[in-house]
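These are the structures in question, set out in turn.
The two complexes that follow have subunit A in common; it is paired with subunit B in the first and with subunit C in the second.
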Partner chain A sequence: MIKKTRKHPAGINVDRRTFLKGAALGLAGIALPPAGADAGLLDDFFQKHFREMNDEEVRKVIDRLEKEYSKKYSKDIKVKATKPMENVMFGYGLDIGRCIGCRRCVYACVEENNQSRDPQIHWISVLKMKKGSNLVDLNNSDKYYQPDQVPEPGYFYLPVQCQQCEDPPCVKVCPTKATWKDKDGIVVIDYNWCIGCRYCMAACPYGARRFNWGQPNIPADQINPNTHYLGNRPRPKGSVEKCTFCIQRTREGRYTACVEACPVGARKFGNLLDPNSEIRKAMEHFRVFRLKEDLNTRPQFFYFFGVKSNRPGGGK
Partner chain B sequence: MKKMKAVFFTMLAVAALSVFLIQSGVSAQQPADQAKKQQQPKQAAAKPLVQAPDTVTPAPKMAFFPCSQCHAAMPANKTERALAFHTEIALKHMPAGWCFNCHDEKNRDKLKLANGDLIDYNDSAKLCGQCHGATLKEWQDGVHGKRTGMWNGKKVYENCLTCHDQHQPAFKAIKPLPAPEKPEKIIYKNKK
Partner chain C sequence: MTTALINFFKDVTNIFKGGPKYYGLMGILIAVVAVGFGAYYMQADRGLIVTAMRDQVAWGFYIANFTFLVGVAAAAVLLVIPAYLYKFKPIKEVVLFGEIMAVTAISMCLLFIMVDVGRPLFVWHMLPVIGTINFPASLLGWDFFVLNGYLAVNLAALGYVLYRYSQGKPYDLKVLLPIVIISIPMAFSIHTVTAFLYGAVKARPFWNVSILAPRFLASAFCSGPALMLLVFQALRKYEKVDIEDKAMFKIAEIITYALGINLFFLFVEIFTDFYANTLHGESMHYLFFGIDGKTNLVPFIWTAVVLNLIAFAIMLTPKYRYNYKTLNIALVMMIIGVYIEKGMGLVIPGQTPDTLGDLYEYMPTVPELLISIGVWGIGALIYITLVKFALPKIRAAKNFEH
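Right, the complex of A and B next:
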């Protein structure tokens, strides 16, 4: 069942708790935008749940958002709502034997996915860990490392982003059903329905979700105009965001931005249902593991140590 | 370990032998044999690295090409030595072997496979694949190296040489991009 809780429209100062209290008492009217608020805000306010809208209704919402964003950034911004493809289940692989911790992926992701530059938001965190340390304890790592050169001897690097769990704890705790797992395996967020309670952030065992504590800021000349409603469209203050496997790219058949940015080719992406995809080949080839396997979240994000047995000399 | 060493030396021996065969011109006594030899190599060289419509990125641009500008008029000097020219090239690749494991003596504008086939510089993956067969296969599967473009369609394979310098193939350390800001440094100017 989907609760008909509404998010207040961006920009209008309605106290969240007042609104929730109002809703709980069946007095949702308390939280309505003031009389005279423009029609767009009212539409925003009364928007249905994304999954209950028909194509026509989605089109309307998107038209509204495209206008709003294009005005804000003074350029043409496209918002798509591309649906999952049939017979596709996305999977991701990361070779931590290859990763050198250069953070090229982090910034490629920021640019592709319109993450706020100031205050800074990064969807990918690269954790530096001592060789031989326990992968279960991610706290025992450093994400602020800044040497002149990477890789540093004696360390390995573990990039962490949303693991697109098969059984996502974040989805279970969301009081407004603003986040769910789509058919192609991507855990998405409807920023218009997110009320910013951050339960999902507390529930995520991987620390993969980010909160817009302030108004996100992206210089107009750096905005990526190719966006998806459930992905990299500009987010309102007070909403939660995270990696969506570059939904705006991957639902059209393209690789994610981080895959393409990785200089060592440590990142692999593809359809888990296709035995010829590189993700499947990698899984057959290498010893694969997932983070915090014991929690039974079953991530669709796999890690592996590529074996270096290909040297003619027999490896080192 | 011993077995690996044996494989390695056999491989070098094969490479060396073929270099020798090519140098000695596979003398004219056995024309039939020679014809066969020429046919086989052509097939090997012609086999595409990746299936159409996929493509491979070109190798990085070379400082002086064509090499024949100078080498057409120079007899090849097969003696392993410190060069007075190309001094920027320090070969740190295979423990044994020299320039002519990969370059052709007569036509410096081409690379040479162990079987004597000449290939284009952009097809160098075939050269690498002779000694790094498993890696080449992984690269073709998308497991080694990188592919860009479409996960469900046309892919562009990153050339081996984008990531590996042919003469010093070990991956070089690079400068990391800036660390994220620490939470206490982030100011929410517009937080009401």
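Right, the complex of A and C next:
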């Protein structure tokens, strides 16, 4: 029997039957949801809200996710679900007087929290502001600055990330309760419960939330395998993410990655309920303020001027 | 019972009856929808990155269309009130076509939400009982209830009247009136709640204003009925539906008042923002004049303002309002004007500049436009199909309905 073959531009010969088979499979693929149609799809679809699962169900979900991620990145990836500690309310302090705008916090955060490299996602935005300009008018800020050297004379820097508000507008507007404020003050997201409507992004006064507009991409050799379900585990396309005060670290008593990375010690972190914590010390010794106080969101993220303006952040 | 149902559904065949023009139109609509599906497949595959939306402007053209269509849906009530409450006969005869438009518009609203969400497979999460709807905190939760409620009420009213007609009986006002009465506050509520969806956002001063809900209502009562008047003329011409001039001109009169109020509200907003000149007026500045040479929306909003003003001038003059040629020009101008002002002119500047002062200029991409046109195509198909299905019953009812 002579088979009719069609010439492939790349010089591969495909007979008609194989071609039709491929086309049929392709069509079947269209019928399936495009977001990775593997065996876990049904489990994924019917997965319950994180807060409605008991410990056993959470463990099962985590097992599934660990397998999925480990396979995807050919690496052993751990997903934790560490609960909030008792008597802990996290607070953050940022010394604007010290910040030199080097963005080391931004990059440390990307690595620690498995943000997508392409499309690029940053949880921290560092705003460059002219000296003498006020902290209310952010319209004069620039977050795309690319000088040869920082700090630039005449400018100061205002890093912004999720402010972990006491009364978070994002939580209020979420139609599915996919985001909530946990007992230790961290506003978290169940990425599997988020439907991607982006109402929280419209509602956030601090531009803190990021959307996975495309399929997130993290090179396998750069993935941080130490993850938390509500934090830095790989996120699905079409869901919202943001800073979680490095929940995978801080719930185990460690510092956040940005605090560790800051070369000038501008970042302070600790337990607001502990009078001896760094953050409480900062609040006691310096005059702190919060962004957009008039909105009454009451951030747990405090800014202060710890040193005189002729120090690094002030330019020389 | 079975025969009753057969009588009700037998007019489905009427959908396939029509001349070459009708078949041509349906063919074009189906093609448009097919292209939309293709674009949607691409979006589902690659993600919303194929749109121009980004973190700074997280809501774009889809939500703009959604907002406009909520207005169109609510307009049906403008016919319901005179028809059923005041028993104004000329309008009573067209009220069903208005209700079909409401059903169509709400379906399109839901479609626009579906194409906008990042994980459409999981929208069941926002259902009551099986999901975890954030009610009453989230205005989207409220919107879910009022939109679906309004859809249900309109379907019920429509279904009941058509069912009675198909059995060769007039409708019983005792049954219909309660449904109709409920639909009136519901029409206002879909507007109010959708306006509150934006008004609730304290992070965006452009949206966080109390005039938003009244402005929504005023603009709804121009664009929605305007669209209806155009559709009614088409029905009169192509389907020989008997629609009296009296009904048409009554609606045109109501539109004129609504447009006047709408323009007044816009003026009030412009005055407040520009006179006070606070930092909260940045979005308004961007919309009308642009900022730092970024002026994407400027030509659109001025077009809208000018079109609305001319339309208002035409409508205000009885000589032109009662002349279909000039009336239609005004209607088209008004629909375009409100579509811009209440769609892109509301959704985009609210997010430009963003909350941290980053000014990203949004302009929809080709896939975004194709998907949106596809949804409009589906809407047109729904409307035509429902009208074709209803028409034989409405015609038959002429013999016994008073």
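Everything that follows uses one rule, which is that the second predicted complex is superposed on the first by the 267 of 316 C-alpha atoms of A that agree within 3 Å, B and C clash if a C-alpha of one lies under 4 Å from a C-alpha of the other, contacts with A are read in each partner's own complex, and residues count from 1 in each chain.
Note that in this section a residue touches a chain if its C-beta (ideal position, glycine included) is under 8 Å from a C-beta of that chain, and two chains touch if they have at least 3 such contacts.
Just so you know, these numbers come straight off a predicted model, no measurement behind them.
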First (subunit B), second (subunit C), both or neither touched by A:Leu65: neither
First (subunit B), second (subunit C), both or neither touched by A:Val160: second
Partner chain(s) touched by A:Cys102 [first = subunit B, second = subunit C, both, neither]: first
Touched partner set for A:Pro119, first subunit B, second subunit C, both or neither: both
Which of subunit B and subunit C A:Lys143 touches, first, second, both or neither: both
Subunit B versus subunit C as contact partner of A:Trp213, first or second or both or neither: both
First (subunit B), second (subunit C), both or neither touched by A:Gly265: first
Contacts on subunit A seen with subunit B and repeated with subunit C across the two complexes: 119, 125, 143, 213-215, 237
Subunit C residues within the subunit A interface of the complex: 41, 44-49, 51, 53-56, 58-59, 113, 116-123, 125-126, 131-134, 137-141, 144, 197, 200-204, 279, 282, 350-351, 353-359
In the complex, subunit A residues that touch subunit B: 13, 85, 88, 100-104, 106-107, 119-120, 122, 125, 143-151, 213-215, 237, 250, 253-255, 259-260, 262-265, 268-271, 277-278, 281-282, 285, 306, 309-314
Footprint of subunit A on subunit B - complex, ascending: 1, 4-5, 7-8, 11, 94-95, 131-132, 134-135, 138, 141-153, 158, 163, 171, 173-182, 186-192
Subunit A to subunit C touching residues, read off their complex: 30, 33-35, 45, 49, 52, 119, 125, 127, 136-141, 143, 160, 169, 172-178, 192-199, 201-207, 209-215, 236-240, 295
